[in-house]
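Below, chain A partners chain B and then partners chain C, in two separate complexes.
Up next, the complex of A and B:
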């Protein structure tokens, strides 16, 4: 995902990925991230994938113990938004903006295209 | 009495496989986490509640309280019951929790244990406990998600020996 995003926006600085292996214990995974968080700046963002899944459960648990922001629903739009917007915003405002970017990124492409084509007919030749 | 539609050992408790797969497959309306550690940890209880979909009733109970709750004649729910380890599963079964099979889901990596399947690590005590469960007429199976075919734990375990 990081590599994919970097193809679009260039190097993502200070962005790290922690994958949980199928056999890895939750505590082990949590400790791995925790070791890292001890040296991470205040207001760092934890982005988990599936809400209610292990990554989001761990991110939520860590957000109680460290001064970090935690969200779930990781997708590329969210990752890129987090990278860009954290320069400018912080705290709840930053999180709201990141989540909105991700939600706005979900589109019904068939519907969108059909509506645009329909409108185009009404407008004559573009 | 609670209709236990699945009894599963899973040390991740409520997580992706449970919320994205098992709940809808079982069509249950309740999750019972039978675990002493979770029952005594308010942060973990909150995290488990957060991870549970809104239409699912969640009970987090000590193993002892879970026995009482699951056997309660007045309770009519259909539940997925999660335990963290073999010991808790055995305790539930010995105390009258009726199931046809026991699902061994995730028993995470432990250097002191032996890996017998992708996400299942056991030691001799676990094996003894699981053997006892089988001797009580309950099939011990491996099935990480419902899309997979159930495999007999001991068929798999002895084949590997």
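Up next, the complex of A and C:
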């Protein structure tokens, strides 16, 4: 995911990925992230994938103990938005903006194309 | 009427994606009982987990004795279909010894730890686990490794 985003926006600085390995216990996984958080700046963002999944549960548990922001629903739009918007915003405002970017990125492409064709918008020159 | 135990799942992740997305639907469960002492002492995480479940599914977080009480002294007409989630086999043995109606046991993921040996992908067991597995073998209670409903069920008795 990071590599994919970097193809679009260039190197993502201070961005790290933690995967839970098939054999790894949740506690070990949590400890691995925790070691990192001890030296991470305040307001760092934990982005987990599936809400209710293990990464999201771990992020929630860690956000209770460290001064970090935690969200779920990781996708590339969210990752890129987090990288860009954290230069400008912080705290709840930052999270609101990141979530909005991610939601805005979800589109029904067929519907968009069909509506364009119906309105003949897609037929003429731009 | 006692609640129907639809599934007893041993998986150290307890409530997680595979339970939420797959097993609750597969078992048509209306209640999840998590047996875990650590989580029982952490009401914030407990309430957080409640929010991850579908709205019509109830969640109880308790220790093994409380779980037994929940299963044995239910109200009349308790029609709940229950998924019981535990981190290790010890809890399941305790509950079985104390009269819980456990017809089969599902194993999801038991991670690696020093002193454990691998018996299957994502399943590592200790000497104590093996004793408990043999206890259930003698009692004719199947123990099945199965991550999600679509994956091939494998009897742990064939691996030990």
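Couple of notes before you dig in:
Throughout what follows, the second predicted complex is superposed on the first by the 120 of 126 C-alpha atoms of A that agree within 3 Å, B and C clash if a C-alpha of one lies under 4 Å from a C-alpha of the other, contacts with A are read in each partner's own complex, and residues count from 1 in each chain.
By our rule, contacts are C-beta pairs under 8 Å (C-beta built on N, C-alpha and C of every residue); 3 or more make two chains touch, one makes a residue touch a chain.
Given the structure is predicted, the values throughout are model-derived calculations rather than measurements.
After superposition on chain A, the partners chain B and chain C are seen to clash.
By the document's definition of touching, neither partner reaches A:2: not chain B, not chain C. In the superposition on chain A, A:103 makes contact with neither chain B nor chain C.
Legend: residue contacts after superposition of the two complexes on their common chain; A:17 is shown touching neither chain B nor chain C. Looking at the shared chain after the overlay, A:113 reaches neither chain B nor chain C.
By the touch criterion defined above, A:64 lies against chain B and chain C together after alignment on the C-alpha atoms of chain A. Of the residues of chain A, those at positions 22-26, 28, 50-54, 56-57, 60-61, 64 touch chain B in one of the two structures and chain C in the other.
Chain contact summary for the complex, chain C toward chain A: residues 12-13, 15-17, 20-21, 44-45, 48-49, 52-53, 109, 111-113, 118, 121-122, 124.
Residues of chain A that touch chain C in their complex: 22-26, 28, 50-54, 56-57, 60-61, 64.
Touching chain A in their complex are the following residues of chain B: 11-12, 14-16, 19-20, 43-44, 47-48, 50-53, 106, 108-110, 115, 118-121. For chain A in complex with chain B, the residues that touch the partner chain are 21-26, 28, 50-54, 56-57, 60-61, 64.
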